[in-house]
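See structure below.
Letters A, B and C mark the chains in the order given here, with residues in each chain numbered from 1 onward.
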Amino acid sequence: MQFWATVLLDGLTYASYLFIVSLGLTIIFGVMKILNVAHGSFYAWGAYTAAFAIGFITDNDLSEALFLPAILISAILVGVVLGYIIERFILRKMYNQDIHLIVLATFGVFLIFEDLIIITFGVDPYLPYQPAMMLGWIDIVGLNRGVYQLTLILLASIVAFVCWYGLTKTKWGKLLQSVIYDREISVAMGIDVTKVYVVTFIGGAILGALGGAYVAPTTSVSPGFAIDLVVLSFAVVVIGGMGSIPGALIGSLIVGILRAFAVHQAPILELFVVFAVMAIVLIIRPEGLFAPPKPRKI
Amino acid sequence: MFTGIFKDTSVRILITFMIVLCILSSFVLPDWMQNNFMYGLSRGLAILGLMLLWRTNLVSFGHALYYGFGAYAVALCQKYFGITDILLRFAIAVIAAGILGFCLGFILRKYREIFFAMLSLAFSMVLYGLLAKAEFLGSTDGMSISPSTLFGMELTRQYLFYLITFFVICAAISIQAYLRSTLGHLTTAIQDNEIRVEYLGYSVQKAIHIKYVMSACLAGGAGGLMAASLGQVDPDSMVNWNVSGELVFITIMSGWGNILAPFIGAIIFEFIRTYAFEWAPQAWAAIVGGTLLTIIFFFPGGIWSVIEKVFNYGKKKDVK
Amino acid sequence: MSNNAVLKATDLNKSFSGIVAAKDINVTINQGEIVGIIGANGAGKTVFVNMITGYLKPTSGKIEFLGNDITGIEPRNATHIGLCRSFQISQVFMTMSVKQNLMIAMSLSKKSGKTLLDPIDDEEISKECDKILELYKITDQSDNIVSTLSQGIRKLLDIAMAVVGNPKVILLDEPTSGVSVEEKFGIMDIVIAALKQSETSVLFVEHDMEIVERYVDRVIAFYQGEIICDAPPKEALTDKKVIEYVLGH
C-alpha cells in the first residue's frame, strides 16, 4: 500500500510539470503543426531566470512573499521574449516548408539557446531551494514530502482548468479550436491566422517556461537541464495525441506514473519503459490516444 | 548490377580522393588531421545511409540506434568472444545493425513523415534507456575496446586508416550502383506518387524496407568503425537523441545530391569541431545550431549544392 | 471461359457496412472489345473498376482473367499479369519529365527483361519508351517536367504508363474528365487508335455520351450497384431504363 501511495504521489508530481510543459508543446503542434524542439529552451530559460530571481531575492534579504511572483514573472518574461523572437525571426519564414526542416530549425534554435545559457548564467549549477525550504515538509499517508512539490500538482490542476475553461467557454478559445481543426477554413472565415500563431506560440512558450520556473526550486539547475525533458515531453505528446489537450493530460499521467513506478521498482527500466510505451502507441494508434478528430475531406 | 560502375564519375572521384588521402596520410598528414579524416569517413557511412532515406522523404530522428548498436556489437563481441579482427568487427557491426533494421523495418515501413521520424526516435531511446542503465554494459560509462588486429597481426593506426578508406569505397560503390538502378529510382519516385508505384507493379513498402535495411547497415558499419577508432563506446556519445540529431544535421549540411556529399560533409564537420573546440569550446552547440539554421535558410541543398554550382558538376544522372 | 473471353466477373457483390455498392454483377469482356461503362455518380462504376483491379476486395463473387481466378488480387500483381488501369485523376510523377516517367514504368515491367538492380539508363528501354511517346503523340513533351503540363498531356501519360507492359486488358477510369473540351476527342482518338493497334481490350468509364457513342463496341450501364443494360451502343442508348436512370431525360 505504501509502495502504491509513493508511486501515485511521485507520479503525480512528475506528471504535473510534464503536463504544464507538454501542454504548451501540444498546443503549438495542434495549431501550427510544428514539433517545437526549442520548447526545451523555454523550460531551461524559465528555470534559470527563476533561479536567478530567487537568488537575487535571497541575497538582498527581500520578502519571501516575492518568490511566487518572481517565478511567475520569470515564466511570462521568458515566454514572451523568447517566444516572440523565435516565432518572428525563424518560424514565420518557414511555414510553407517541409515539416522535417522546421523541426530541424527548432533543433538548431534549441542548440543556440543552450549555449546562450552558459554565456548568460555561467556553467555552475544554481540551487534555488529557498521557496521549497520556506514551505517545509508534510506527512501524507505516511510519506514525507515537501509541500512545494504538492503545490506543483495544484499548479498543474489550475493550468488544466484555466485551459479547459479558456478553450471551451471563451471566444478566443473557440477561435483556437477552429484553427486547430482546419486552418484553411479558418482563414476563409476571416480569422487572422498569423496573429493566432504568434499568440499561440508565445502562450505555449510561457507554459514551457512556467514548468521550468516552478520546478527550479526542487532541483539543481545546470546546463543540459532540458535535454532529457525535451524528449520526455515528446513522448507525452505522442502518447496523448499530437495537438490534443486532454491527450497531454493523460499522456503526462501515464508517463509520470510509469516513471515513478520504474524508479521505485525497477530503476533499470526508468527510461526504457516510457519510450517503449511511446513506440507501442505509435505502432497501434499513431495519432495518439486522444487524437483530435480528423474530418474526411472528399 | 555493377556493370560499368567504374566509369561513373562520382565513383572515380571518390576512389581518386581516397588514394590521395592514403598517400598523404602515410607521409604528410599530422596525426590529428588523420584522425579527423578517419572519424569523418566512418561517420560519413551513417550519413550516406540517412541520405538514402531522405531521398524518399524519410528522416530518421533515431539513427543513432543503428550507429550505437553496431558499436556495441563490436564491444560485446570483444568482451564475450575475444574478437578483435577488424574485418570481423566491421562485418559484425554491419550485420547486427542490418538484422535489427530488418526487424524494425517491418513496422517502420508503414509510416511516413513525422510518424516515421518519431517512431525511429522512440526506438533509439528505448535502446538508450536500456544501455544507460545496464550495469553489465557499463551503464553511462560504456565499455572500452582494445585495438584491432588483422588476421592475427597487430593493426597500426595507419593501416586502420587504409582499411577504412577501403570500406568506404566498397560502400559507396554499392550505393551508387543502387542509386542508378531501377530500384533506386523507384524509391525516389515513391515520394512523388506512391499509388503510381504500386500500380506499376512494385510494393512500396517492400522498396522502403529494403532501403531502410541498407541505411541501417551503413549506420551500423559507421558505429563499428568509430568504436574501433575511438577505442570506446558509451550511450551518450553513440545512442542518445542528440547523436541522432547530430547525424541528421550533418546530412542536411552535406546535401543529398551525390554519394560524395555525405563524406565531404562529415569530414568538414570533424574539422569544424576540432577548430571550434580549440577556439570557442563553450560555443559548440551554438555553432552547430547556427550552421543548421544557415543551411536551412540559405543553402537548402547543403554543401553539395554549392559544390555543384561552383564546379558545374552534376551530370543529372541522378533523378531527383 | 469461352475462347475469346479475357475477363469475366461472376456474381460480384460488394457492400460497405450494409450499404450495397455492387449487386450480382456479371460481365464478360472478349478479346479486342472496347466497352463503355456508364451510370450516374454513385451507381457503382468505380467500385466495379476498383474490384477488378484489386483496389477493393469483393464481398462475394469471382473474377477471372485469362482463365485464372484473380479475385482479391493485389493491384501490383494485377499489373504483372496484364490487367492495368488508368486513373480519373492522373497518377503520374509530377517532379519528373515525361520521358523519365515512362522509363521507370518500362523498367519495372516484366517485358523489359532487366532486373531491378540494373541501371535504369538503357538504350533499348529508351528506344521502347520513344516508341510509346510516338504512339501517344507526346514526343515533343518528352523532356518537360510533368507538373508544368496540361491535364490532357498528363492523362495521355497516365494511360501510356499503364500500357508499357502490353497489357491484355486496360481499364480507363473517366479518361476525359478534367480535360478541356477542345482536347477531349483528340485525346480519345489517339488513345483508342493506340490501344486498337496493340489489340488490348478496353473498358472505360465515361460520363460523356458522345465519347461513348463514338468509340465503343458495347455499353454496360450501371444503376444503384446493378447492371441494367449490356448491349451495343445503339440499343443501349435508346433503352428505356438507361434513358431514365442514366441519361436523365
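Keep in mind that, in the parts below, a contact is a pair of C-beta atoms (placed from the backbone, for glycine too) under 8 Å apart; a residue touches a chain by one contact, two chains touch by 3 or more.
Nothing here was measured: the structure is a model prediction, and the numbers come from that model.
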**Request:** Just grab the chain with the largest centre-to-centre distance to subunit B, centres being mean Cα coordinates.
**Result:** C
**Complete:** Centre-most chain by CA centroid is B
**Item:** Chain-chain pair with the highest tally of contacting C-beta pairs
**Value:** A-B
**Fill in**
Whole-Å distance, C-alpha centre of subunit A to that of subunit C, is 53
**Message:** Just the number, please: Cα centre separation of subunit B and subunit C in whole Å.
**Reply:** 44
**Message:** On a C-alpha centroid basis, what's the spacing between subunit A and subunit B, in Å?
**Reply:** 33
**Item:** Sites on subunit A touched by subunit B in the complex
**Value:** 35, 90, 93-94, 98-101, 103-105, 107-116, 118-119, 123, 227, 230-231, 234-235, 238, 242, 267-276, 278-279, 282-283, 286
**Item:** Touch list for subunit B against partner subunit C, complex
**Value:** 1, 3-4, 177-178, 180-186, 189, 192-193, 195-196, 198-203, 317, 319-320
**Request:** Would you pull the subunit C residues touching subunit B in the complex into a rising list?
**Result:** 75-77, 79-80, 84-85, 87, 91-96, 100, 103-105, 107-109, 114-121, 161-162, 165
**Request:** Please name which positions on subunit B make contact with subunit A in the complex.
**Result:** 57, 59, 61, 107, 111, 113-115, 117-119, 121-123, 125-126, 128-130, 132-134, 241-242, 245, 248-249, 252, 282-286, 288-293, 296-297, 300
